[in-house]
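Multiple structures follow.
Shared between the two complexes below is chain A, which has chain B as its partner in the first and chain C in the second.
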Partner chain A sequence: MSPAVTSPQPDQEFNVRLEQRRRGGALWRTAFQLSTIVGIIALTALLYNVMDSAFGYVAVENSVDPASLAIGGVPLEEQSKDQLVRVLQANVSAGLFRRFEDDQPFAERGRDSVLALILERVVEPQVVETWSLTDSLLRRSEVLAEAASSYPNAIVRFEAWIDPDFVSTPQSGDPQRAGVRTAILGSLWVIAITIGFSFPIGVGAAIYLEEYAADTALNRLIRTNINNLAGVPSIIYGILGLAILVRALEPLTSGTLFGLTDPTSANGRTILSAGMTLGLLILPLIIINAQEAIRAVPGSLRQAGLALGATRWQTIWAHVLPNALPGILTGTILAVSRAIGETAPLVVVGASTFITVDPDSPFAKFTTLPIQIFQWTSRPQDVFRNLAAAAILVLLALLLAMNASAVLLRNRYSRRLSG
Partner chain B sequence: MATNRAKAFQSDDHPWVRPMDLRRRRRPAESLIQGFLLVCGALSILTTIGIVVVLGKESLDFFARRAWENTNKSVTRSVSEFDGVLQISDTGQAIEVGSALRLGDEIMLVTAMDGTQVQVERGLEGTAVTIHRQGTGIFRGQWVSLVEFFISTKWNPQIGQFGILPLVNATLMTTTLAILVALPLGLSVAIYLSEYASLRLRSLIKPTLEVLAGVPTVVYGYFALTFMTPLLRQILGRDVVQIYNTASAGIVIGILILPLVSSMSEDALSAVPGSLRQAAYALGATRLETAVRVVVPAAFSGITAAFIVAISRAIGETMIVAIAAGAGPAFTFNPFQAAETMTGHIVRISGGDLSYDSIDYNSIFAIGLVLFAMTLSLNIISQRIVRRFREVYE
Partner chain C sequence: MSAMPDESQTSIPGLEMETNGHYAIAMRDLHVYYGDFLAIKNINLKVARQKITAIIGPSGCGKSTLLRAVNRMNEQIGDARTEGAVFFGGHNIYEPQVDPVEVRRRIGMVFQKPNPFPKTIYENVAWGARVNGYRDDMDALVEDSLRRAALWDEVADKLDQSGLSLSGGQQQRLCIARAIAVRPDVILMDEPCSALDPIATLRIEDLMHDLSDQYTIVIVTHNMQQAARVSDFTAMMMLDEADRAGMMIEYDKTDTIFTRPSDQRTEDYVTGRFG
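Coming up: the complex of A and B.
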């Protein structure tokens, strides 16, 4: 190859390069597409993983065969209350029986309550193994064979961990009876406080910044500050809540200021503290969203109001706010759904680990759905993972409902503007 | 005066015109409302001040807290209320001039030393000057030093080890992994959505990815522990990957911040005017060349801001690491071993009733302050970048 001949024609080189460029383009395009697919696969895997644990076969072993508790051929389920009490007395230690009596005399207990006690304390069903939904569906016969060989005395049944009972029964140490009733109620209480605290203040701040604030140093500071606050990790808010709401303002948050001297009071680690902590957390989000909604109201409306002699506040109250309200509500719902899923700040503020009593006031101890999920996930026993999965489904359903309402509001809003 | 002026308006020609006062009227209710709204706005500043003051004050308490360490020395002669010199035993750890000593309940300061004779200032910090018998043990006070805090690689405040490095190191490991997952993927998704995908596909995929962003982080924690960890253990072997490890937490944080990166970057890419793309096409650039050499550089500030916000989010992420990264601080660079991050540590020690006097309580704030400083500076940098490097198109 001598230099004189090699130099290819310019358009030939161009064509060769063009071919390369096209191939590179196609390759990268595939790569971009794959990345997008990976993102969607991640979401699918997340949901699949939760569903996989929320349903499936379980093997349950009883300490005592219920059939052996039959009296004179009458099975346990059909016995009278007196018979049940006798069965209970015969099968638990005298001390334990006395403790039941102390908790609530048997004369006052109903038949079902005694039956539940027998099932819990005498029959003692225990989940010895669980299988995932995939295994239960695709390898059904193998699962059943495995269960039969490993646990010959066990009853194998298909369990939906999430069912009406799961939602309506309180927390319990026994995974088969544990539910999320206290957690749901706790979440609702906390969220109610959060909304009550952050909605008026957030909308107020947004109105001030959009309608009143001149371009002064103070107002610029407020604006920058709100943007910075939105980027502060949620756990820092938890630390703030711990130092200020739980510790410094304990008389207020524990209710002693209002003459409440409940022995179960939680030293400030109450629903009120939790709600206000989350309120501070979502305040910047609510302000930013509300500002956008208020900004979207056309200036002509304000000018019309002012021209008719309305005062500034009358204009805002009668014209700006009603028009901005759907937008404000949408933003608030999105912020609140962030608050519902928050866990870390509540752990720091001091969520209780185990409550079976429904919360009845802002000064009660609290647990919430995410806290419950966190605790169940952290337990070493596998069976609590199934409970966690079921609780996640409840939480996701709650969030879905909230987001759906936000979308509905948004749609109604955009129709009104265009029509 | 006012009545005079009102009369002037009441001309005989127009008897129906009411007297009118055109002066600015005071409206106390309006001012009250405006004042209330200002307070609402200022509350955000109060929150910031609250965060800074609380973190600062309690961290000071942390650094001012003295741990008393047994020197295994004792006084060899009893000490009366009036003695200014202690006779101390030879054994045990050294005492220097300037160190604080505690005998019984009394705190003293060493002012001079000569072998086993120690000259002290008595009854410091409001403690009572009392008699100490021969053989009373001597404890030496130790402050948490800033140098130790940032240099030492052991964290266990209960026994006087205050090096935050293991926690910071674990945080940086999970964050790095998260970034390695989220930045390339997120940017690719953004480029695909903004430059390649049809409008219909984009309106389908974007909300789907945003669903990912709306899932609570505790669910991601569950996902990391019950899906990602078993997956890693299956691929790499059970003896390589521990049950709790920073790798699975980091990858899942990456999935968590992926929608944030892709959504913000996509917004930045879409904001680049179409004329730039058309110019590139007119010069014969392919779609890829247009996207990578024209559109991405034009949206550079927005993409960088997205990256930085995502990094800050990954540093502050708590539940995923609390569930999946492991309990107990460990200084390791192996992502398949358990290591506790700053946030994970705060969650673990604050679960349950934490006593307000404990060193753990104070340490929460010191860690929180470091965390706050890291995320805040990242957020400020991101805002600066957006402001300084924003390309403005008319």
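Coming up: the complex of A and C.
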């Protein structure tokens, strides 16, 4: 017992044990603090791991020394367009040169475009070695010495694998030129379809279950099973999507039904199939979250609306939904964040692993960022690992941007309602 | 004026016609069940037009259930079932062809806890009228309703602020203004002052007095002084010990109930010896 408080009569009935109770509380507090710290450490390790690969020194070797391409002492960078075309012609096979001409006649190409072709096809820089960010920063001199001794002809430079070019160029087999433009657009298309499909249906189902459905055995069964559906592994949804959306509903998902695509080459492995598969995947999450949000709206508001002679729907529309909206949006954000990162169902549905054409309609072939990352990490060359790390950063940035905008939207609604 | 639940009264023909005249509401043999549980039974009550009728009685005796039976709000509770009749404007509101939505517009309600919508003050008042298809000048209706609820002077310059920014008493008057705006005949009040301080309570009571010139008011209250202060008639309810169902044991002029009640239990209750 604490000596500071003395009571006139000793409490015989109480065994206060204040010290022990305090110690017990402090122990729990430490345990909770540790849990938080473990979580933070795990997240930091993840971020460190990604950053470590996304930046660092690289050694680049050229197949042909650019200096040897100088004409009469004029270095490559200062040559005129005609000179550059001649250099290109002299250093690539006649067949390849014709193909360049076919792609776009040299007469129409600018000087910079020809120079880029030379650097890419003649000089042909290859990344021969990469170093992690930690090594590049902490062991800079050792890295440079190692590079100089192992690769005497190589140019050593600090490379940020994630840069504007990485985001704006399409996929390529050459790691130096590969980007994630196709994957970003694919992810955005798929997510747009996912939201468009699952948000109205999910919220609609939640409204029905919470506001209209009577408390019958059947409805209780439905509610329970929606909860179970939320726990089904995502690959199962992929198989469902493959069987129903890709195969059975192929005329719809390939767009041939609407005459929008060429029937000879179109198939059901499209953005529409992928978006709807992910939509089905997150539908139970959206329903559950929306139900919770609707249930949290105080019954007094419903009663107030009804007591004024409003119909049930007028009351729901004017009072229940606006008040549930922040909660519904929060639940949708969480669900969509999950969908953005999903890989397995899209592999099953048939995302393309290598595609360089921007998706331009819901019936286009597609790839997404997680698929791209997955594909890069399974390549044998080390350098693709750096690309994967950069793509992960892009994915994280996309996720954060979407969440931030959704949170802003939500806060705007909350403020408007309570202000 | 006595309307004791005896057999003779239930068979009076033409009770519904009385609700076109002297009475606003007449109940005959009203029973309300929640599932298998009988909540109130045998209620026979005629509510005088443009008067204030108080319903008093100990907690859990079915006062609120009775009140909510009058505008069919009990139906919002899943398994509630009503037997008997509630006549209003010459019709039994429990007949199948009657739409409860229209009933609720004509018989408004103010709740125990102030529950303004989380919208602007203007919108709180205008919404009910708008969803009921009000076509006249909305600004005028809002001002008129707020004036009648004795709130206009306090909120005239902040109609675009949230209804939730007002104090508890102001919120309750806003709820009254909101109820008035749909032009009801009857306003039901379910312990409207139980969440308010004494000053706010007095203002609401004054307001009820003013409103009774135009509206029929039925108020449920736990506060005996309040019933004595504001009401013209008082109904005393009590649990029947035999089946735990609420019943009405006495109904008379408020003066009579509080000075010369005919039932011993009423006397015990109003004098504070019981309940």
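Following the convention adopted for this analysis, the second predicted complex is superposed on the first by the 354 of 419 C-alpha atoms of A that agree within 3 Å, B and C clash if a C-alpha of one lies under 4 Å from a C-alpha of the other, contacts with A are read in each partner's own complex, and residues count from 1 in each chain.
One rule holds in what follows: contacts are C-beta pairs under 8 Å (C-beta built on N, C-alpha and C of every residue); 3 or more make two chains touch, one makes a residue touch a chain.
Only a predicted model underlies this, so the values are computations on that prediction, with no experimental measurement involved.
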Contacts of A:Ala205 with chain B and chain C, given as first, second, both or neither: first
Partner chain in contact with A:Leu301 - chain B first, chain C second, else both or neither: second
Chain B versus chain C as contact partner of A:Ile244, first or second or both or neither: first
Touching partner for A:Ala67 - first (chain B), second (chain C), both, neither: neither
Touched partner set for A:Ala318, first chain B, second chain C, both or neither: second
Touching partner for A:Ala310 - first (chain B), second (chain C), both, neither: second
Residue contacts on chain A - larger count, chain B or chain C: B
Contacts of A:Leu46 with chain B and chain C, given as first, second, both or neither: first
Touched partner set for A:Thr377, first chain B, second chain C, both or neither: first
Partner chain in contact with A:Ala107 - chain B first, chain C second, else both or neither: neither
Shared chain A surface residues [contacts with chain B and with chain C]: 311
Chain A residues touching chain B - in the complex, by the definition given at the top: 21-22, 24-25, 28-29, 31-36, 38-40, 42-43, 45-46, 49-50, 53, 200-202, 204-205, 207-209, 212-213, 219, 221-222, 224-229, 231-240, 242-244, 247, 267, 269, 280, 283-284, 287, 311-313, 337-338, 340-344, 347-348, 350, 353, 370, 373-374, 377-378, 385, 388-389, 392, 395-396, 399, 403
Contacting residues of chain A [partner chain C, same complex]: 214-215, 298, 300-311, 314, 318-319, 322-323, 417-419
Chain C - residues contacting chain A, complex: 71, 73, 76, 78, 101-102, 104-106, 108-109, 111, 113, 115-119, 127-128, 131-132, 162, 164, 175, 178-179, 182
Partner chain A, residues of chain B touching it in the complex: 27, 29-30, 33-34, 36-45, 47-48, 50-51, 54-55, 58, 184-185, 188-189, 191-193, 196-197, 205, 208-209, 211-212, 214-223, 225-227, 255, 258-259, 262, 286-289, 292, 309, 312-313, 315-319, 322-323, 343, 346-347, 350-354, 356, 364-365, 368, 371-372, 375-376, 378-380, 383
